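Next up: the structures, one after another.
There are two complexes below, and they share chain A, which is joined by chain B in the first and by chain C in the second.
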Partner chain A sequence: MASGVKPRVKVPKKASAGDVITIKTLISHKMESGQRKDGDGNVIPRSIINRFVADFNGENVIDVTLEPAISTNPYFQFDATVPETGEFHFTWYDDDGDVYETKKKITVS
Partner chain B sequence: MGIKLISFVSALVFAGSAYAQDSNQLNVEGELFVSTTAAPSHMENVDTLYSGWHFRSGETQALQLDDFDNPGMVFVDQGIDLFAKVDGSEGKSCQSCHEDVEDFAGLRTQLPRVEDGQLVSMENLVNDCRTERMGAEAWKWSSTNMTAVTGLIGLQSRGMPMNVKIDGDAAPFWEAGKELYYTRVGQLDMSCSNCHEDNYGVMIRADHLSQGQINGFPAYRLKNAKLNSIHNRFKGCMSNIRATPFKEGGKEFKALELYIASRGEGLAVETPSVRN
Partner chain C sequence: MELSRRKLLALGASSIALMGLGTSVAFASKADEAIAEFTAGAAVSEGALELTAPEIAENGNTVPIEVNAPGAVSVTVLADGNPVPNVATFNFGKLNASRSASTRIRLSKTQNVIAIAKMEDGSFQMAKANVKVTIGGCGG
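On to the complex of A and B.
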């Protein structure tokens, strides 16, 4: 497992039905591109987050493929319309097979 | 006509940026910070202090206003983990003695300070605890672990005004720092004051010179995507003027740190700030 990986998410706690809300996500990850060499000239193997998914109550909101050129600590900000009270489910997929997950509840009145 | 109009507009833009420090307000997480204030009486050549935040572009400034957007907070989070992590032969973590990190509120504003005849920076305090109480190895001055922990401790003082002691037993160190500040060094034969006192606000290559304030350190820099210590920044400046930098944690940089901290008296601590 890549070290120091920590997902963090900012979702408003409350919203009105049909509101467009802004969601911010950030995961600390070194995003090693696989293009760099170490001091001895050996290639440092690629190690990145390659996919990010956000679901709301089981319905997909966003599904992103990440490429090696994306820099360290990838940050995503996007808007979503919330029709009802529910839970956002965020998932990041690491090259080494690890999956990092976070959930956030939102109350819609 | 169209071309003339465009050149007129661009001339206006240039005129506007002659004084790069803007009048925006530093409002972090809904709290208004003192980012510009009257200079302390010991500064003869400067009337108004400006935080380095005022010299940055709008995008960079915005990053510091929201703790979620502030990339420095990623490292502060690492600092929280390190603070609770047991290390060394005594089986202790920082938390074993300092139960609540919030007890450090106000510490950043007073450092560096004189203890037992020695000038000490926050890095010294951290390493003293590590070697003497925890039985752990000292961290390097600007290592990732060190800046994460100094960032966390500095954050507890965020918003409080800088207020280092410069009289009494601190006076000789302060004088030494002032001497360094005004001494020309390196192949380019420049002193700190040439840029940060005489020319703040004007362009140096593609960037605006700031007053060289250290109220936001350790600072997250976009150029290297990590927290940077004060002494590391001094070192960068000295390399840029083609001088041989002093040693990080050495007596020269500590004296300079004290003097420059005193030049920011009254500015709010911004740790961790975002700069380019």
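On to the complex of A and C.
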């Protein structure tokens, strides 16, 4: 599943040093569980995003291992502390080897 | 005559009870295996970990859950009634101060959602929430 995958991330543009900010991420992906069957009774093979990582200036914020029980269009909300101005780096790893990335800058005053 | 009927009834009741026991043990063991894998056999206590899940989920395809585990290194979420009990494992980095995260999960039927946190001191804590599912989320 390499088509139609679109990551969306919500990060505030500004924050004060040491603030805890909330980040929301969503990526459009069907997350085929490998449990469903098609019309002919054949199992539809598993195809999911199996890992999601969020980093800030090279420091890890969260690293999630996903299993087939995560819903379609995986959504994550979590908190992060921002010590300085920098960039968030979000990475999703697909079962088929694809890697989806997106970056968001934040200004810390 | 009456005695044998009574015996028969007792026999029937006990065998039904046994069957029920058998299935519940089978379900528990799958989730227990996953728990043992995460904790490596260490004792699990109930404590500071918070698991927020709805009491009733109309659609098992997207059930919002939240874990809040101050002082945890990682949290794993399990659903004991799913074909595969593992749901997700959150590993928290240095910059995630509150050690909380939320996501949406699939539940195939009414069951317990279990969260286990590995704390910084190496101990394990557990939280459980029962979720009633109206429409299962596994497809057919």
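To be clear about the criterion, the second predicted complex is superposed on the first by the 107 of 109 C-alpha atoms of A that agree within 3 Å, B and C clash if a C-alpha of one lies under 4 Å from a C-alpha of the other, contacts with A are read in each partner's own complex, and residues count from 1 in each chain.
In this text, a contact is a pair of C-beta atoms (placed from the backbone, for glycine too) under 8 Å apart; a residue touches a chain by one contact, two chains touch by 3 or more.
Bear in mind the structure is a predicted one, so any value in this text is a computation, not a measurement.
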item	value
Which of chain B and chain C A:100 touches, first, second, both or neither	neither
Which superposed partner A:28 touches (first chain B, second chain C, both, neither)	first
Which superposed partner A:72 touches (first chain B, second chain C, both, neither)	both
Touched partner set for A:10, first chain B, second chain C, both or neither	first
Touched partner set for A:90, first chain B, second chain C, both or neither	neither
Larger contact residue set on chain A - chain B or chain C	C
Chain A residues contacted in one complex by chain B, in the other by chain C	71-72
Residues on chain A engaged by chain B in the complex (per definition of touch)	4, 6, 8, 10, 24, 26, 28, 71-73
Chain A residues touching chain C - in the complex, by the definition given at the top	20, 33, 35-37, 54-56, 59-72, 74-83
Residues on chain B engaged by chain A in the complex (per definition of touch)	68-69, 71, 74, 77-78, 225
In the complex, chain C residues that touch chain A	61-63, 79, 82-84, 86-98, 100-107, 137-140
